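Note that the chains take the letters A, B, C, D and E in the order they are written out, and that residue 1 is the start of every chain.
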């Protein structure tokens, strides 16, 4: 069952991610990204991170990506004409990326092949309670300081996007 | 299950600079709609006050060094040094901003609030002992900087600067984060000292390859932030496009903080695999110096020139990192202080000559400054000489210490190439001097306005600082060395 | 294996009942509004128009779907699907009652019990925006786009006070599982005052409840927040280009959302399936009594028919009601049916409120709507959360 | 490579999750490098962050620690803030230049 | 705080005070800076009188910690090598101020202030006994000279100034590498400590390291001297600089290079300097001949003098790399001579430029008839410059040639060619400028010396004669010190050299070396 879910949603995630990258229309990319996020949320659930999975959907898919879609619509961004970056970028970039990917995969496989197995329910530390406890004890400081981050984001949006008053 | 977690007074004191700045930033935001029209300068004054208070807090916190908030925050000499440095940069940036904001008729309240928040992030970064904390601090600093870079939103250059800074900054962040994730996977912790302990254990040797990958990713992320080559592509565009006082700030404070964590992470967490990352830093340092200096040779825009020069200076500091020794760390700290002073000073002159809408940014617009305003010209001369590395200026001792560290770590060729680079650099700095003193005044100089008090202070204070570092470097260096001993 | 079979049966049952309810909700709405406005409402198709929903469904299915030439086909078709999917999936975590034991099998009256159920609901509802926004955009029509943009902005804005208002009862209940939240509301103060969160706890959640309801109206795009489909400004908003089944999908989604939010309100604030007063005081007899009265009324009107047809239909209904009354009085099923009844009753009442308000209030102006969300609702919800938090903290 | 039986018996190896994460990350990087619409480029950054999050969660499962999930939480907050600011920046850019093509937004230089 | 500190401090403080004088008070600035430089000069004479002859080591030592980490000392002192160079700097500064008295109209405040700053740097260079301090002064010299050329120079001043700065700076950063390297090895910047460490073997360098360090120092000094292929900045800088700049540049700043060679390169890295001597000597000879030949064809007086400097400095380098007592003595003496006589030439050319506003030889002719005193002084200077007996250069050139002959006679032949050539171009210059038809422009614009100008040239002429007639005033101190340096360079060679190599100077060095080997 675990394997089935993993394969299913990993496939969905990868296909959606490819779709994000190759779709010409930003809206299509955005929705594909939502697809990635949703399938990742399911994988999070499987890994015992139910709270984070839900937050992933609420914050990422439900708020951040909506914002993206919103902006795309607002700007009425059209499809990209298919004239990619320079050839050299492709010639250089693709092999480097594949090498990068291969390297990471190789090391990950070497290092973590026997690190553990995911079985649904083998880790139940991801409840809202345990997250909350961690957030308000060990991670109180970063938790508080993220409020500054939010404040900056609000301020930034005001500074950059407000209408002229006069 | 009531949770009782209340910080002790010591904890709060160690955290006081951030608290003060956050409160002040919020206050500025609140006061903005009330006073923005009537007292546009009020916000600058308040910001300086807050920064000064925070500096005091940072110094006071140094009296009770130690870890707080479940070891996430560590106040040590290193942290204090960089805190004071970024706070001082903040003060100087505010001083340099008065005239600019007035000239461009920009909103002052939000500007200063963002500046304060950015400094909060940097203070937070440099005192962090945890990769996640560093990440959050980095982002606070960066996000505020993105906005500042595009602060004059009707200016196309500002837009472009903000966009590029934002895109590449976020890109870098993702790399940094991936590195953190992998590191977390190997060591099951993100606290720097625990990572070090974990990697020190004999069992960890088998994971070194993985750690090296993580280190490389973190290196990429931080390389972007410090604008070290080959990740420097954004720097020229951003520094050129952003409002001049913001460029001054961006070229110094975030860079100083990013270098602080660079050193902290690489010397604390990755000390074990130093042999692995040293060549990486070596190459990056050399590339930064070379690319920065040679690209700067052909620039005609002063801001862009300073941008490339800042890339080159990042290269010098990376040399100190490549040395990965106590003395190297101390040298980098000293250099960053000197660099911040001279760079802000140089940018202050740019702010002064740029004129409304930053029209006069060509090197030729400096022409005749030596005749029109000998005082300003003399200040710029001091900064440029310091950037070149002429003795009796901070820049000289900075370079000296760095290359001493490099030689001590047997990086002879890096030192030689670095110093030759600094000779190349002399050329383009001298070009500014040439134009300023030897050429006849142009259009920019005709319309030049007298120095305002804010700018005057933003010139004189760094100049004094530059000389101070150049004549009695022992004071700062001594502190740096004592602090550097702590992060190893 | 049994688990899967039971689950499948439950899913089929819930889907069937829900879809029927949704169809009839439309009928109820038309009837109620008609009566508010002193009209008859649908009455041609079937007795009292009871077959109207069926006719509507047949009509919508058989109508020719018009595919406007300018639309972006894929997203145009995806949008209604998304809307319905998101609306229906949220039902899966809503508990309707306590557990049922039939022979060796025991199951909850709930499709699945997730321990972060309420978050799941929030998540799904936040995804609901996509349907509307996409529909507006894919139609390639300026009215539709405006409607889509408006509604996404509106839904995002109101999601915030909604979340805050949900957080307060969660704080008191101390859990995210919907079932546990309802269980936390069991019992009575002084023996008769229900411990529903709207009444009781360290801090009664009245404000929270109202904020939630207001936000719920906005989230479901109902009057007075139905700006996305404001007929007089935007023709019909985001679904102006939709017809036949695709149009029906949006319609269905809207009603399904209504059901969902009413269920949530019931679960969070109104004690879920807990009766209004203790069984000791006879709460178990409310349902039979109502059914009995309904049956009696049917028989009465069947005997004195207003229309010729009523002579046959109403007695049949009357008999059905009597049968239900008898069922409700049958002791073995009481523990199962009573909670279900109370839950449906509260939910139905809230649905009625929805319709009632639609019949009563005019529409907001757009800036008023946003201003209301950010300047009034949000601070109120925040304040309420703070006070609740304080109360909970002091209560410990 | 654990054989299929082991997978059925033990569950999915964590390294598979990590490789999935690496693949997603690389796809994000590819998008960042090859796409030209600013918004898409930005979305690719989000994809990279998501990939990192998956790693964190997987490691949290390995180490049986909640802290990995906390990090994801913070990353999300950061991503949200970044999105707000980033989109605002994109809006200003679009307002002044009426284009979202990253190649056309390169007027600085001398 | 002894007299030496005071002498160094006066111009430094004077510079700061000069900056404070209001821009409008031009005369006040002139007088003040002149006063400062005169006081410095007088005080520096005190050094000469107080100098204890017969002691080769440094005197007037002050050694206090300036920067504690890394330990950098304010360690200054004077020995026979630096004493006269030191006084030369203090002597020439007032003269340079005087000759600019009327000439500089543009931003005079900065001009005079920079001259004083230049003096500060120069005296510091000659007095510094701490490598780091030396480097600091070395770089300080660069800045005022850069501005002097760049602001008050002639038409191509910007190009010249940049070229000057970049050449010198590039060299000096190499020196910095070497200094840091030495510090890392020896743990001190103190020259004496490093030297004794190297000699006693406490500080060991591999052969490659020593070569590297030697080359790093050598290139820095060679650029400054300048030695043949690195000399191209010099004609540009000299021609474009104002008279005062040319004067200081030729008379004192070039000596910084040769001083450095003798002070640092030779004693600290004896093996490397011996090994590299052959090609350095060849370069020096090329410089001598090449400089002279190029000077011969110059149409521009200043350029001619500038190339003659290349030639003369070639002698100095030759003398140094002959590794003989006489060669050393001659080199040092030649440094002083060159400072006086070439300085005087620049002064005089400057005077003529002030009058005629031209440096082209073709624009002159028959000056002798209108300005006899000027011609007379010029003649004396010319003769001194070509090494006429009884005048100063003769002594130096003789010593150098003799020292070279001791080492390798073939070199002497080439070097002597330089002497002959110098006679050619100088006399030819004199003939073209002072004799022949007097043109109208010359006639009307060539008044003779005034009092200020006399004040400038008299000390120089006196010195030429004094140094030519009674070299014993100066040579003993020089010789003592040189003997010590020679000793150091040999002793060290003996200790370290293990590679067999061809010894160019068969006599002295081999004998001494062999002797110590025998132990």
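Keep this in mind: contacts are C-beta pairs under 8 Å (C-beta built on N, C-alpha and C of every residue); 3 or more make two chains touch, one makes a residue touch a chain.
Since this is a predicted model, take the numbers as computed values, not measurements.
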Given chain B and chain C, the chains that contact each of them: A
Central chain (by mean CA position): B
Centre-to-centre distance between chain D and chain B (centres being mean Cα positions), rounded to whole Å: 27
Computed distance of Cα centres, chain E from chain B, in Å: 43
Distance from chain E to chain C - Cα centre to Cα centre, in angstrom: 98
Length of the line joining the C-alpha centres of chain A and chain C, rounded to whole Å: 32
For chain B, residues contacting two or more additional chains: 132, 136, 139, 143, 146-147, 150, 153, 162, 182, 185
Residue numbers of chain C (touch at least two other chains): none
Chain D, residues touching no fewer than two other chains: 18, 25, 28, 42, 58, 62, 65, 67, 70, 74, 78, 81-82, 85, 88-90, 92
Touch relationships between chains, expressed as pairs: A-B, A-C, A-D, B-D, B-E
Footprint of chain A on chain D - complex, ascending: 1-2, 7-8, 10-20, 22-31, 33-37, 39-40, 42-44, 46-47, 50, 53-54, 57-58, 60-62, 64-67, 69-70, 72-74, 76-85, 87-92, 94, 100-101, 103
In the complex, chain D residues that touch chain B: 18, 21, 25, 28, 32, 38, 41-42, 45, 48-49, 51-52, 55-56, 58-59, 62-63, 65, 67-68, 70-71, 74-75, 78, 81-82, 85-86, 88-90, 92-93, 95-97, 102, 105-110
Residue ranges of chain C touching chain A (in the complex, touch as defined): 75, 78, 114-116, 119-120, 122-124, 126-127, 129-130, 133-134, 136-137, 145, 148-149, 152-153, 156, 159, 176
Chain A contact footprint on chain B (complex, rising order): 1, 3, 5, 15, 18, 22, 25-26, 29, 68-70, 72-73, 107, 110, 113-114, 117, 120-121, 124, 130, 132-133, 136-137, 139-140, 143-144, 146-147, 150-151, 153, 162, 182, 185-186, 207, 209-210, 213
Chain D partner contacts - residues on chain B that touch it in the complex: 132, 135-136, 139, 143, 146-147, 150, 153-154, 156-157, 159-163, 166-167, 170-171, 173-175, 177-178, 180-182, 184-185, 188-190, 236-237, 240-241, 299-301, 304
